[in-house]
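Residue numbering begins at 1 within each chain, and the chains themselves are lettered A, B, C, D, E and F in the order written.
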Amino acid sequence: MDKWLMSLKTATPQEGFELAIKLSQKGVEYTQPSLEIRKKLRPKYSTNADSLIAVTQVVAINYQTVAAANNYWR
Amino acid sequence: MDKWLMSLKTATPQEGFELAIKLSQKGVEYTQPSLEIRKKLRPKYSTNADSLIAVTQVVAINYQTVAAANNYWR
Amino acid sequence: MDKWLMSLKTATPQEGFELAIKLSQKGVEYTQPSLEIRKKLRPKYSTNADSLIAVTQVVAINYQTVAAANNYWR
Amino acid sequence: MDKWLMSLKTATPQEGFELAIKLSQKGVEYTQPSLEIRKKLRPKYSTNADSLIAVTQVVAINYQTVAAANNYWR
Amino acid sequence: MDKWLMSLKTATPQEGFELAIKLSQKGVEYTQPSLEIRKKLRPKYSTNADSLIAVTQVVAINYQTVAAANNYWR
Amino acid sequence: MDKWLMSLKTATPQEGFELAIKLSQKGVEYTQPSLEIRKKLRPKYSTNADSLIAVTQVVAINYQTVAAANNYWR
């Protein structure tokens, strides 16, 4: 896979949150490399509350990592 | 997306908890940007015990991050 | 919401555990503010093993936070 | 509730694991105080693989807390 | 139960991973002590993708503990 | 099992992410050693959104471990 992650450092907590989202998406991409299949799945999980909550949980876990890497932007 | 997160610092543990809730909601917003769809989903998950517990878990994970960022308000 | 969380400090590990339970309940309250609806949900999830286990998981996550805030009562 | 948790300190990693199990059970007890109901639920979840895995996950989370409290018995 | 866990220290990261698997299995054993029942459950969960993923999650959580105990084998 | 994990150290955050994926896959392999069965399961979970999200969660947990082991590549 191409280079997509150079650093866990971000300028702000919000950019860190957006990196956490990117990490979550990349986790899916590595497991299901087909963009076509991923696009087909999107309408279903993005309109299902439990799936959305599950996505948000993954983002929260990744945000712990990114926030620690940035020493919580203190 | 507009700026919505300037800092993980909060004045009190309770404000930190409320920030953890906001982070959880933002995780959903990034994944499902349509306010209309999110509003449709709300009546269902907010009256389903298992969905509520799942939301609470995401909040708990985000609260770990916020609490650490505030050095646990010690 | 009223002030309900002044500190993560507790005198003992057991009081910390009880605070973790309170944090878990508050997570639900913020998401579903109606006491009436929450009361209706209770008989179902409190007699369902998988729901109970899920609640316990949220408590365990919150207990990590409270325990760290108290330096593990060492 | 009676006093049941005086310390997170244990003599060995194994006793710490057993404390993590106790914490997990207590989480259920606080949510469902009726011993009768908990006994009824046991045959079902203890013979269901997915429920057992979920219990084990809660134990693993609590073990993180206990292990940290004991500085990993180093 | 017999003594089965003397230390969280392992010589290598891989042995630590294998200890994390053992911790996960022990969590199940404490909850369901019957070897007979556990053996019956195995064919089902070990051929079900979602159950396997759930097992792997427990292993990942336990591996966090073991890795920290070994200071990440640095 | 053969030696497959020599170190948690990686040169970059991205290689660390890829190691987290490997750890997740290995967790499955230890639980279901049959390559044949694992191959059969793949088409199903890799086209199911909820299974993919669950995989991604395991990766996120393992990435926490790898990132900590590398001091977040700071």
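The criterion applied here is as follows: a contact is a pair of C-beta atoms (placed from the backbone, for glycine too) under 8 Å apart; a residue touches a chain by one contact, two chains touch by 3 or more.
All values derive from a computational prediction rather than experimental measurement.
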{"item": "Mutual neighbours - chains that touch subunit D and subunit E alike", "value": "none"}
{"item": "Homomeric contact subunit C-subunit D: same or different residue positions, threshold half", "value": "different"}
{"item": "Angle, in degrees to the nearest 5, of the Cα rotation that carries subunit C onto subunit F", "value": "180"}
{"item": "Taking each chain's C-alpha mean as its centre, the one farthest from subunit C", "value": "F"}
{"item": "Centre-to-centre distance between subunit C and subunit B (centres being mean Cα positions), rounded to whole Å", "value": "15"}
{"item": "Gap in Å, rounded to a whole number, between the CA centres of subunit F and subunit D", "value": "27"}
{"item": "Residues within subunit F bordering two or more other chains", "value": "50, 54-55, 57, 61, 64, 68"}
{"item": "Chain contact graph, described as a line, ring, star, complete graph or other shape", "value": "ring"}
{"item": "Sequence of touching chains round the ring, subunit D onward through subunit E", "value": "D, E, F, A, B, C"}
{"item": "Residues of subunit D that touch subunit C when the two form their complex", "value": "1, 3-9, 23-24, 26-28, 30-32, 37, 41-42, 44-45, 48, 50-51, 54-55, 57-58, 61-62, 64-65, 68-69"}
{"item": "Partner subunit E, residues of subunit D touching it in the complex", "value": "12-14, 17-18, 21, 46-50, 52-57, 59-61, 63-64, 67-68, 72-74"}
